[in-house]
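Letters A, B, C, D and E mark the chains as written, and numbering starts fresh at 1 in each.
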Amino acid sequence: MDIIVCLLLFAGLFFFTGGAVGILRFPDFYSRLHPAGKLDTLGLLLALIGLALFNLHHFSLGTLLTSLKIILIAVFVFLASPTATHAIVDAGVRAGLAPWTKGEKRR
Amino acid sequence: MDNVFLYSGLYLAFLMLLSLYRPLFGPTVVDRMIGVNAIGSKTTVLLILIGLIFHRVEMFVDIALAYAMLNFLAVLAASRYFQKRKGLYDEALFGKD
Amino acid sequence: MIWQLDLAILTLVVIAGIGAITVKDLLGAAILFGAYSFMMCLLWSIMGAVDVSFTEATVGAGASTVFFVAAVFRTTRRTKD
Amino acid sequence: MWKRESHLLDKKEQKNLRTGDLGNSNKGRPAIENPQSRRLFFYPFFLTFIIMCGTWVVLSGKFDPFHLSLGLISCGIVAYLSCDLLFPSPKIRGLLGQWARFARYIPWLMCEIIKANLHVTYLVFHPRMMELIDPKIVKFRSKLESDLALVTFANSITLTPGTITVSVSIDGDFKVHAIDKASGDPLPGAMEANIAKAFGEV
Amino acid sequence: MKIIGLIVAVLTGALLIYGTVDFPGWADPASPASTHLSPHFIEKTMEETSVPNIVTAVLADYRSYDTMFETTVIFSGGVACFILLRIFRRKEPSDRLYRHVLTGATIRVKEGGKIPLDSDDFERIDTLWTPHDLIIKTVCRLLIPFIQLFGLYVIAHGHHSPGGGFQGGVILGASIMLLAISQDLRTAVQRMREKVDALLSPTGVFIYAGTGALCLLLGLNFMDYSALASVLYVDPVTARSHGILIVEIGVGIAVMATIIWIYNNLSSAGKYDEGL
């Protein structure tokens, strides 16, 4: 049981690392959103599932409901995060940022 | 298991430090928004980790839930600023979208 | 009180705070202030002050950031100095 | 007290509005005085109330009568204030079947998301990342009809292979930012078909 | 000027840090705070008020004067915002935009032009109009009821988990703010009119103070909720717990209305016309 929890948690942390490094490395605003929007969402989902499983160690109605609440956070983030990403892209488009194309310098 | 959570939390704090580069030095405001959004999703996990370290998850879950909800609101408001202020509203008026 | 996490988050609070007052762009400052309030919320919850942390999470992340953005929306975006 | 807004209605009804086919929707603003529309107000209210009760049980975790009655009052308040937000159109027939089909769509989506994330992670950690990526904007038109299907499609695009939805028009025109060639080409592809199946718009 | 500011800030900071030297140590059992007050609260709260969350009991029962005036401060903040920002003169913007609902055509009414007043065929749209954003509108529409329910949950469970009136009120207000941001200000104002805001905000303070005054009328001290036992038909300890809940509801209502009020005034610059 602990091993599964650790695996899920570390997978989540791995995707979080990808997100953080991606935000630093990618060349422009639009491509930076790809790691920020996707990797963070999946990392959060995996880490939260791991933690919810760990919380079920001492099984009772209370811990079950707490785990359900943790899952509720994940569901909420899954609805909200793509929307936030979309809103930021929209803001960038309206602010008049031109997308980076191949061969340009990074900004 | 507590040690695992503690070191995961420390690692998450380190990742937040990395993500904080964009809000601090990001060339445009929109880059800052990306960074803050990324920090927000890490904070949610870190709050639950702290709850597990204290063995009082049922308290910290509420904070994390409120947090996930309101972080979304702040990002939407900040992006709405651009849709309104530097929006291409004159062109939208004449139907060019 | 977990002193390792406490120190790490305290560093982040200081960095975010200094960033929020040095940025020239007011909207950027409002966004950084949001990040600062995330860190404060984490710091309170690490110290075990759950109610304060909850207040900081709701007011800092939600209401005050939106108020700042709304205020910047109605004024100019750059500081004078 | 609560005036219903025409832009909260879904697209089919707006189309009906435009073509003059008013039908039951009564110009998009069912007045509460009308007995028929009061009955139409009742179903969304009831459904919202039930969903909220389920959420309350998960949130609360206390089953003594005092807290349960507080929960019923809260659910009533929320259902009264926001039932037209959750169910903008009073038609609720076939909603359960739709949800069941939607639940079958989720595992496929998760599989896609994990594949996509591995791809993006590969790109992020690749030392010569700048040569691999080739961002461009793809435009296409989707055949999906209802608002919810379009939004699900747009959010699924944002979550999966190296693509982010830039804008969606109400008629289904998509603009998508793709990070490299491989991820932008197969759109709309299988995902649209799956969503069409999930929302019964084959 | 900047250098003077820096010197002042550094000096103040140094003074404050110097002041902390006199503090008792972290979690020192001999410090004044943990010799008299804290043990009383920690030991007696459960048997005196039957509230498991000590912070809530301290805030709303033992130190309820403090919280009452905090609520009043929030209310006066809302009133100050209203007085400073609200513009009552009927000063129209030079251009107004209307959309014909049936055809979707947009018309622009110049200053002094004829405005299709109260016609159902036209709906007003913002001058800084943003096109119909389908994703944000739909997702926010789906999320708002759950946020509201969560806010009510936080108010109702202030006894058992962190939270209470203040936090729940902010969450409830945030849900209406989300509606205003995702659609437009007029939709949100139609749901929560200005008069409703302005009435609810003092109502919350009044519920708080009125509960206290009711205790006074029933023959005990101001804010001693055990007096409510005869009204609520319960024993005095449970009455204190219920009194705390009533007070929290008052705080929640006041905070929610004030937050929405401030947001409306701030984002529309007092015109209640077009907002963020």
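Throughout what follows, a contact is a pair of C-beta atoms (placed from the backbone, for glycine too) under 8 Å apart; a residue touches a chain by one contact, two chains touch by 3 or more.
All of these numbers come straight from a predicted model, not from anything done at the bench.
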(request) Trace the shortest sequence of touching chains from chain B to chain C and report its length in steps. (result) 1
(request) Grab the C-alpha centre of each chain and report whichever is closest to the global C-alpha centre. (result) B
(message) Quick check: how many Å separate the C-alpha centres of chain C and chain D?
(response) 32
(message) Using Cα averages as centroids, what's the distance between chain B and chain D in whole Å?
(response) 23
(request) Mind pulling the residue numbers of chain E that touch at least two other chains? (result) 130, 133, 135-136, 139-140, 142-143, 146, 150, 162-163, 167, 171, 174, 177, 181, 276
(message) Counting only residues that touch at least two other chains, what does the list for chain A look like?
(response) 21, 33, 41, 62, 66, 69, 72, 76, 79-80, 82-83, 85-87, 90, 94
(message) If a residue has to touch 2 or more other chains to count, which residues of chain C qualify?
(response) 50, 53-54, 58, 62-63, 66, 69-70, 73
(message) Can you tell me which positions in chain A touch chain D when the two form their complex?
(response) 14-15, 18, 21-22, 25-28, 30-31, 33-35, 37-39, 41-42, 61-62, 65-66, 68-69, 72, 78-79, 82-83, 85-86, 89-90, 93, 99-102, 106
(message) Residue numbers of chain E touching chain D in their complex, please.
(response) 101-104, 120, 123, 132, 134-135, 137-139, 141-142, 144-146, 148-150, 152-153, 156-157, 160, 179, 183, 187, 190-191
(request) Flag every residue of chain B that touches chain E in the complex, lowest number first. (result) 58-59, 62-63, 65-66, 69-70, 72-73, 76-77, 80-81, 83-85, 87, 89, 92-93, 95, 97
(request) Write out the stretch or stretches of chain A touching chain B in their complex. (result) 2, 5-6, 9, 12-13, 16-17, 19-21, 23-24, 29, 32-33, 36, 40-41, 43-44, 47-48, 51, 54-55, 62, 66, 69-70, 72-73, 76-77, 80-81, 83-85, 87-88, 90-92, 94-97, 107
(message) For a test of understanding, state which residues of chain B touch chain A in their complex under the given definition.
(response) 1, 4, 8, 11-12, 15, 18-19, 21-22, 27-31, 33-35, 37-38, 41-42, 44-45, 48-49, 52, 57-58, 61, 64-65, 68-69, 72, 75-76, 78-83, 86-88
